[in-house]
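What follows is a pair of complexes built around subunit A, which joins subunit B in one and subunit C in the other.
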Partner chain A sequence: MATVLLNLMIVAILLSALVILGTRWLRVYIHAYAFQSLTLSLLTGLLAVQTGHGVLYAVAVLTYLVRGLIVPLILLRITKGPVMEQEMNLFLKVPSSLLIGISLVICAYLVSLRLLGRQGNPFVIGAVAVALALVLIGFFVLSCRSQAVTHVLALLIVENGIFLGSVVLAPGMPLIVELVVLFDILVTVIAMSVMVQIMAIRLGTTSAAELQRLTG
Partner chain B sequence: MRLPDVVLQILQVITVLLCSPLISGVITRLEEMVESKRGPSILQPYYDLQKLFRKVWLLPSAASTVFLVAPFVAFTAMITITLLIPVLTDFPLPLGFMGDMLGGAFLFALAGFMVNLAGMDTGSPYGGHGSSRTTFVAILAEPTLILVLIGVALIAQSMLPYVVNHTLRDSLTAYFSPAHLLILAAFFLLFLADTDRLPLHSDTHVEISMIEEARILEYSGWGLALLKWASHMKQFLLLVIFCNVLLFPWGLSRDGSVLSVLGALVGLLLKMGVIVVVVTVVETSIARLRYFRYQEYLGSSFILALLAIIAHQLEGGP
Partner chain C sequence: MVLTALFVIPLVVAIAAVIGRYRRTLEWVVAAGGVGVLVCAILLLIQVVTAGPVRLLDGFLEVDSLCAFTILTVALVSCTASIYSVGYMRYVLGNSPESQARLHRYHALQALFILTMLVSPALSNLGVYLIGIELTTIVSTFLVSFERAHESLEAGWKYIVIVSAGISLALLGTILLYFAGTPVLGSVYSLDWRTVHAAAPQLDARMVKVVFILILIGYGTKVGLAPMHTWLPDAHSEAPSPVSALLSGALLNTAMFGVLRFYTITAASVGEAYPQALLIIVGLLSMAIASFAIIQQRDEKRLFAYSSVEHMGIIAVGFGFGGTLGVFGGLLHMLNHSLAKSLLFYGAGNVLRKYQTKEIGRITGIIRVMPVTGIVWMLGGLAILGAPPFSLFLSELAILAAGVGRRLWLPSLIFLGLILIVFVAFFSYLNTMVFGRPPERLSWGELNGWTVAPLVLSFIPILWLGFYIPHPVQHVLDQVSELLLGGVSP
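Moving on, here comes the complex of A and B:
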């Protein structure tokens, strides 16, 4: 039963990353990210029960608080402005970006299969594949979408992928590492949100596509 | 007491014939009620059919044999599909091995193809319009259907609907596997597209926005009745496949006795009731998509089906 749950969570995490490719509403992105973080923390909790590492419980709670609550709330506050309702000009339309996203997932699966060998624990292979897929999808979103808020979310998804990989592959990580990462996230998000506000005030847009020249 | 297989097989067809208009009626009524109107009686589709069957079938002067044959092909195709899928019993009936799920998909496609031809046959602009739009949607929906079938075949190691039903019924692990849940989602999106519902098509009777309905504008009398009945049956059969094979594989008659068959019938209608409520909620809460954004909708159902197969691989499936 535990394996079934774990598998379900992993696919839910993957699905919520693909949501960003499938829609253009910023609010939906943020909710998808919050859902992904929630699932991630539940997964960590379940792994804590399974492996018996006490640290993982603390990591699960911290993950939920920072990634699942604080960061989405900050991002939702930024998108309150009138400028940022949705991605306006997509470089790639929704169906093609979904297809590219799916091929990235397949690619990640093949790589993880090679890395861990066919004999490995199927759950670990799957989880590492999803972790790699999150990293790839995050970078893909970074390069094909133009809104600054989307860029922040893409970075956060990359980070979620790395976190997933670390939880599955090295569950006994010291708590201090996780704390450092979480503070990094907070600082990044706050810095980016300040930047987004400044862009909105000075340029009247938050789309990176509008930034065309460097000025001193 | 076990009913003979032949009787069960006939009962299956009768169930589909008699109950299919009911589901359409219930959906229409519920939607009207959500919009705070009273709405027509849930028996309205039966009244419509009865009225149309009493009327003369007028043939347009430009009509050829295709126009004449199409309603019969569509109607018989639906009845043939009924023989292939578990409607009441969960043990295979003698004709159940005539074809697997792919065979059923072919029959649905055959019916659609004939009606498409009939739409273009008389040369009326709306018919051709409807046929071309239906084909456009079908082209986008077909890859999803194929992938859903492949996904099901991977889970159950078989394409026979009875085997799939048994696999999902007997193993909770298979039922709650991500692959299966994603297939459910993909199939539901496909169901909405195939039965001409939102977000692709709204119920307004304006020719310019019609998709499937526009093909049969030239039909009248009992020819139209046959086609309408066939489309009710198509919706009912898709629901049967969705409920009995994929979503609720439990509650079918195991021993074929009179009581258990009755129970299965009531159960089937209840299961469909659940889906009908969901469909009502979906149809009354979303807006219709722009024609050139259909591909986004059908593309996401394709992605879900593809993810189901990937998820099956991630779980370490063969």
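Moving on, here comes the complex of A and C:
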């Protein structure tokens, strides 16, 4: 029963990462990210019950607070300001982005299979595959979309992937490391939001595609 | 005690900048803070070398010889940059009441930036060190985009996005390292680098190799190693000059420190050959990319920024060639590069304020307009190119000798060739800027004393170390080399 639930959560996490490839509305990205973080924290809680690592309960709660609640709220706030609400001029259109995203998922699965071996726990293989897929999708989004807020979300998806990998592979990871990573996410998001707002006010755009003056 | 003082001083300066009201007082506090940091760093290094590692907060902070050496390079640049920023920011901001608030904000950020760079190498937990490095990025982003022009905002945004992406790869590497350690150390252990280093021989070699690649790309982004160096020329050229000096002379070293820590762990696990080969490849690639960018450069600050990419490549190649000579050369070059590159950025700042342009073609006759800046800048430029009798000549020679000594003919040849290419291109730019007839209607004379003193202060050790390396410095470098060559100090 627990395994089925865990696998379902993994799938939900993967799908919510693909949402960002399937639409161009920034607010949808943010909601998908919040949903992904919520699922991630539930998964952590379930793993805490299963493995008996008491630390994971604390990690689950903090993950929800920071990744699921505070960060999405900050991002929703800045999209209310003078920031653009959707991706203009997609460098790659939605269907081709989705196709690339799916091939990245397959690639991640093959790597995970190779790294952990065929006789490994199927849940762990699947989870690591999803973790790697999130990292790859994050980097892909970072390179093919141009809105500053999308870049922030892409980095956050990479972070979520790494977090998923760490709870599955190394559930005993000391609390201090998890704490500082969460703190780091919070500070980075705040710093980036401030930058986005300054850019919106001073330059009148938040599209990184407009930032092309420095070359050579 | 000294360690506490080292961290408290920049904190006090930052607080003073936030709550202080008087401009002159703040300027003196900033300069005194810079000198204080340097004094503490020297005392700390002496203490570490004579009496072994210094620990604070139950080992959470631990300073061994490599760390104390890195802190010293940071402190040297922090000292001169603090002094320089006093004079430079007067020119950037002027005297309006609105600029007063910005000046205070600038100095608060600069002091915090220095603080994060001093603390990061001392963090003994590999996971916490990573966050320390990320904090340096966040603070310095606001310094890079301080002038708030289109270009500086673009540079700041590129900087924070690229470096955060790089750091997330380093995080992935750190977590994989933790996973690799679980069969040996149990499922819950501390990610203290000493613990991991001790267990390194039993770790899964395949996993450790993946970890080192991720770390080399991840921290390499911050070091400015190719191919993830693209943020560096933008950030260095758009930041205010004292910040450029801090980025180039201090920040890159604190990130290189992380690469070296993982180098020792990897070498203890899979042998030296593997990480060395990677360092040589990445180092030569960085040198090659930088030299091509230098050949066709039009912007003086970007010229120096690409030169930083080149020198980080040289340092990586030095550690890659390895052996006593290579490691010695790499370490000495870290110190030399900090001094010489900060000098060049101070000079570039003076020139930018005087000529109001960064375009190499429009800058001529510096030596007549600003004699002291012109002369010291020219000599500093010769030093960064590795001309004798300056100290960078010694360190580059040591690195080359290490490569030849190990019979790595091809890499040594490429190394030498790239240095020569940069020498020719860079030297001709320097020549056109320093000599020649200055443009009409330019008021002659230096900006002010604050902006000249740091140039001279940085230049003295470059010249001195070129002729003779004093015994204490030699002793320190020997100790750090020993640490990197296998043994872990007690």
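Definition applied: the second predicted complex is superposed on the first by the 212 of 216 C-alpha atoms of A that agree within 3 Å, B and C clash if a C-alpha of one lies under 4 Å from a C-alpha of the other, contacts with A are read in each partner's own complex, and residues count from 1 in each chain.
Going forward, a residue touches a chain if its C-beta (ideal position, glycine included) is under 8 Å from a C-beta of that chain, and two chains touch if they have at least 3 such contacts.
Predicted model, so just to flag it, every value in this text is computed and none were measured.
Look at where subunit B and subunit C land on subunit A after superposing the complexes, then choose clash or fit.
Overlaying the two structures gives subunit B and subunit C room side by side.
What is the contact status of A:208 with respect to subunit B (first) and subunit C (second): first, second, both, or neither?
second
Among the partners subunit B and subunit C, which is in contact with a greater number of residues of subunit A?
C
Where does A:94 make contact in the superposed view: on subunit B (first), on subunit C (second), on both, or on neither?
After superposing on A, A:94 lies in contact with subunit B but is clear of subunit C.
First (subunit B), second (subunit C), both or neither: which does A:141 touch?
The answer is neither, since A:141 touches no partner chain.
If you stack the two complexes on chain A, which partner ends up touching A:187: first (subunit B), second (subunit C), both, or neither?
second
After lining up the shared chain so the two structures overlap, which partner does A:106 touch, if you call subunit B first and subunit C second: first, second, both or neither?
First partner only.
Which of the two partners, first being subunit B and second being subunit C, lies in contact with A:11: first, second, both, or neither?
So A:11 only meets subunit B here.
Between subunit B and subunit C, report the minimum C-alpha distance in the superposition, expressed in whole angstrom.
Comparing every C-alpha of subunit B with every C-alpha of subunit C, the smallest gap is 21 Å.
Do subunit B and subunit C land on any of the same subunit A residues, and which?
none
Which stretch or stretches of subunit B touch subunit A in the complex?
Per the touch definition, subunit B meets subunit A at residues 172-173, 176-178, 181-182, 295-296, 299-300, 303, 306-307, 310-311, 313-316.
Quick one: in the complex, what on subunit A touches subunit B?
4, 7-8, 10-12, 14-15, 18, 22, 93-95, 98-99, 101-102, 105-106, 109, 122-123, 125-126, 129-130
Which residues of subunit C touch subunit A in their complex?
Per the stated touch rule, the residues are 125, 127-128, 131, 134-135, 138, 141-142, 145, 148, 150-151, 153-158, 160-161, 164-165, 168, 171-172, 175-176, 178-179, 182, 186-191, 233-234, 237-238, 293, 296-299, 302.
Across the complex, what residues on subunit A touch subunit C?
Contact set of subunit A toward subunit C: 53, 55, 135, 139, 142, 148, 151, 155, 158-159, 162, 165-166, 169-174, 176-177, 180-181, 183-184, 187-188, 191-192, 194-195, 198-199, 202-203, 208, 211, 213-214, 216.
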